[in-house]
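Written below as structure tokens is the structure these notes are about.
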Amino acid sequence: MERTTDRSDGPDKVMSMKAAVAAFVQDGATVCLEGFTHLVPTAAGHEIIRQGRRDLTVVRMTADIVVDQMIAAGCVAKLVSSFVGNSSAGSLGELRRRLERAVPEPLEFEEYSHYGMVCRYLAGSQRLPFYPLRSYGGSDLPSVNSALRKVTSPYPGADGEPEQIYVVPPVNPDVTIIHAQRADRRGNTQMWGLTGVQAEAVYAARKAVVVVEEIVADEVVRSDPNRTLVPAHAVDAVVVCPRGAHPSFAQGYYDRDNAFYRAWSHISKDPVRLRDWLAEWVYGTADHAGYVDKLGEAFWEGLAVGEALSEPVNYGRRL
Amino acid sequence: MERTTDRSDGPDKVMSMKAAVAAFVQDGATVCLEGFTHLVPTAAGHEIIRQGRRDLTVVRMTADIVVDQMIAAGCVAKLVSSFVGNSSAGSLGELRRRLERAVPEPLEFEEYSHYGMVCRYLAGSQRLPFYPLRSYGGSDLPSVNSALRKVTSPYPGADGEPEQIYVVPPVNPDVTIIHAQRADRRGNTQMWGLTGVQAEAVYAARKAVVVVEEIVADEVVRSDPNRTLVPAHAVDAVVVCPRGAHPSFAQGYYDRDNAFYRAWSHISKDPVRLRDWLAEWVYGTADHAGYVDKLGEAFWEGLAVGEALSEPVNYGRRL
Amino acid sequence: MSAAHEKESALTIPDGARTGGDGPAAAATGAGTSPAAAQVTSSELLSVVASRELAGRRTVFAGIGLPTLATELARLTVAPRAEVVYESGVCGAHPSHLPETIADAVLITGAEAVLSMPALFGCVLQGGHIDVGFLGAAQIDRFGNLNTSVIGDWERPEVRLPGSGGGVEVMANSREVFVVMRRHDPRSFVRTLDFCTTPGPDRALAEGIRPLGAGVTRVVTELGVLAREGVGDELRLVAVHPGVTAEQVRVATGWDLKVAATVATVAPPTPAELRLLREDVDPGRVYLR
Amino acid sequence: MSAAHEKESALTIPDGARTGGDGPAAAATGAGTSPAAAQVTSSELLSVVASRELAGRRTVFAGIGLPTLATELARLTVAPRAEVVYESGVCGAHPSHLPETIADAVLITGAEAVLSMPALFGCVLQGGHIDVGFLGAAQIDRFGNLNTSVIGDWERPEVRLPGSGGGVEVMANSREVFVVMRRHDPRSFVRTLDFCTTPGPDRALAEGIRPLGAGVTRVVTELGVLAREGVGDELRLVAVHPGVTAEQVRVATGWDLKVAATVATVAPPTPAELRLLREDVDPGRVYLR
């Protein structure tokens, strides 16, 4: 018998970026921002700067432009990362000054490899005390990062001898912020293209904020439940912020601003220029909508993308 | 500059079920058949029966009808599983006779919980010596399964004291066989609906056979790369076998044959009836196409499903 | 086939109605239900009582059958935001028809999310996102430890049961566990389990493993409700159905069952609860027969 | 900015051309290339030589730039079935335009599969599915151990480099690793690394960790090719570009470089190789400038 009632309830979690950062990012917190080159939550980082957060521990695999900006704005006391560079475009000026010369002040840095970071998220999301990985044997990284430890497997190795393996500890950020293409109002979040480690970073966190290009109707999400990488039960806030990943990209929405990546190496090299940039583009805009407007429509047309639609699949309907 | 050439090469891996089983399932092998209620690789199990394989170790989370059939046909020396029941419909008669009374002969059984099995696949797919999980503390399962062992975490627990956790060893089947909705000729495999642990089971195996409802054009797969859960590099053979998951279902293709699940409890309860069933439906059919024909089109119409298409997403095209 | 073996899984409550022999008459003549409950089937009674226990809970890990009925009813009454997460990986299901298994195709079409097994067991369950897990069992002991593996010896069992499924993980990782046991008798409520498949936190702690949740906190049966606070606590009788005495429950229990200072009488299902259950949750009476 | 810092990642070969100053003239006047190679840029030379080394290989883990060019060329010549797996998770890319990063949107649209990071690093890389990994480094030692973290002391470095990225994992889990080093000088080919980010198998074994692969087996530079068999073996000079002497290479190397009994001369890029590279692989000369 076909059922006639449906109960799509559950709380609406939509809030402004300002409100979400105010509610979920406290001074001194451990804040994870994930997105591997794609869907970098830049707008969230800018709002953290605008609200003047201090003493944050930032956790991010690829510490790139938004991290350099947050460091320059004085938000960051410690960085946990596996790649500290401006993608393919050069250097992070502020980060290098901090680490090479402690100018204007030191920055604590915990260094991993990419998979070490992935495994920290896996352990955190699965509530495991550690996660094993076949990395670090012979590396100098354990000598500068005491979190990299070893355990002995209780099973013999391939050669019959006891086997040791490195492990990493879980990371459980106070809040994880990710950017995604779309979600429904309750936080069922859909992403496509590069999806990185965002789902695990969300599950590892105490609170999770999902920033999206657009809120879509429940029916859109529910037409393709396998596309939902982060279910509503793991999400605390949904923020609508179109173009919030700039200068990174959102597959199918806008392309990467490669020119800005290249420019950042020059901007960040000069502390004065960097601070001028922050004054103009972050402190000087009320919110990300202001930043988007300031860039102008002609600019955004340059990053526009055409259409390449996925072929629909049939989920089936009981006859 | 737009590139004009494209190189969609790589080997065509399409072969018949007969050839795939002959090539990849040897007597004495460890064979993993995965599919959690959905997309159960039944047709592959039937072909293993037809070819008279012996002394197999079968690895499967939910040992259900197809496993009971393979045991009854004398293919299986050992079962590794976390649920030995006929889904929601009752008992597996042959399995119970083997385990309760060793009739007609004993069956070696290695018992896990579901997540224990999942973690064995995770360890196997990730080439880890073990995988930790927060199960089994206080259970009698470790007393009957020596593969369940403990390690001490090198990090202190929440209370500052050392922390112990159970681990499971990897499983690396000689071959994993899964059923999926579709693949291209080189093995890029797309699944939707319940996807269970199939991707991990494939990556854990030395060889992998993917049985599909249909082969689709490269362009169909490539229109939605996030839907590809098993990439071609992990696949050794692609077998086209429509309705090969019966009596389980293939989301969007055909529904579950609940009546047969219920019937199996009765069929399998009687060893003679069970063997008659095998004689008629497995040995008595040349291949799965014969089995499908024998069931008849009217039968299949009863399992037909309607349309519920996913909304397309835009992957974008550089302008 | 033993009663114990009728379970479909550790996550599914044995539903006598589905194998016949447990209609309204059985409930009315069975355990001395009050006249007011005489029109209420055992399935309805257990569903209603279990639903009330879900007040304030959010995420429920449940199998098909009574746990789903209870949760759906709770969504309409005491726990409007409760969400069922299915062992198959489905979150936020909106089925067009009442599902027949936890993997029913109608649970997937139109769902909010479908997760892989590693995500479901690793992130959702072990990650600590489940408030209440529902479990069934062939045997339960006074601490809420469960047996779903064998009756008799594991090596050569009298009855081979399906085993854990995800039961071990549900117990270890849910904040609390509800058990619904249709039959309340000394064969099921035992002093010593034949085999402990699914340990509660006391057994885990005894081995030095720290569990997340409280283990079994509620056992709803045809006779009443047993409760337990958490680590170190034993199940005790806290409520009986109308017409059932505490002594009847003690006799039906294989250990020396503790009885609360005040044993409440379970309020019979209200007309409103029954109407919702019958007309809205399971109008086809798939599970309510 | 030091030369070492120009790398985009451990997976990307520093490409002088992209920051200017390394056109055909530089190649022609640089390391004494033969007249035949005078029209060949350094990028072209390194791409062609690296491509030849991929004969028979199937899965290549590579970054953008020279490794991609080399693999694409190999697909058209010695390794028709070679497939590039990108660190971003893309398998079987069919880009409409030459990608500018490993995460370029054009790599995703039309790809055969896009994997999550846990699947990419866990199943594909650590799972042992990669035949050849390409790595770059600021410093390399005689066993193929690599430094991509710092020049100077880690705590207060002279130059802070990007770090491992996935380099540690590529080294530990690929069957073999190719390194392309544009500059061959004693600052990069060092006796002792300032910091070992990415250890080869010898260092891993010394610590009791058993690696999967052979570590670095080929180093392609502007001067020639170094090779190494696997565990216990040192890099030795096996080939020089036309006009380069073994002694020149030894002087440019910071340790006492072993030289093979017979040092081959690298055959200059053939017209066919150059045509494919220029007209088919990188017609826009994004990386070949």
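A, B, C and D label the chains in the order they appear, each numbered from 1.
Definition applied: a contact is a pair of C-beta atoms (placed from the backbone, for glycine too) under 8 Å apart; a residue touches a chain by one contact, two chains touch by 3 or more.
From a predicted model like this one, the values you see are computed outputs, not experimental measurements.
Think of each touching pair as a link: the shortest run of links from subunit A to subunit B has 1 of them.
The greatest centre-to-centre gap from subunit C, using C-alpha centroids, is found for D.
Between subunit A and subunit D the centroid-to-centroid distance comes to 29 Å (mean Cα coordinates, whole Å).
With each centre defined as the average position of its C-alpha atoms, the distance from subunit B to subunit D rounds to 40 Å. The geometric centre of subunit C is 59 Å away from that of subunit D, both derived from CA atoms. Multi-chain contact residues of subunit D, defined as those touching 2 or more other chains: 90, 105, 108-110, 114, 122, 126, 173, 212.
Across the assembly, subunit A contributes residues 122, 127-128, 133-134, 157, 163, 165, 192-193, 195, 199-200, 223, 226, 251, 255, 305, 308, 315-318 that each touch 2 or more other chains. If you sketch which chains touch which, the pattern fits none of the simple shapes: not an open path, not a single ring, not a star, and not all-to-all.
Pairwise chain contacts present here: A-B, A-C, A-D, B-C, B-D [touch as defined]. Those residues of subunit A that touch subunit C in the complex are listed here as 1-3, 5-11, 122, 125-128, 184, 186, 188, 199-200, 203, 218, 221-223, 225-226, 228, 231-234, 315-318. Subunit B meets subunit A in the complex at residues 127-134, 149-155, 157, 163, 165, 167, 169, 181, 190, 192-193, 195, 220, 223-224, 226-227, 251-253, 255, 304-319. Against subunit A, in their complex, subunit D makes its touches with residues 1, 5-9, 12, 64, 87-90, 100-105, 108-110, 114, 116-118, 121-122, 125-126, 145, 149, 154-169, 172-173, 193, 195-212.
On the side of subunit B, the complex with subunit C involves touching residues 36-38, 61-62, 81-85, 87-91, 95-96, 99-102, 111-116, 118, 122, 133-141, 144, 157-159, 163-166, 192-197, 199-200, 249, 251, 255-256, 258, 305, 308. The touching residues of subunit D, counted against subunit B in their complex, run 58-59, 75-76, 80-81, 83, 85, 90-92, 94-98, 105-106, 108-115, 119, 122-124, 126-129, 173, 212, 280, 283-284.
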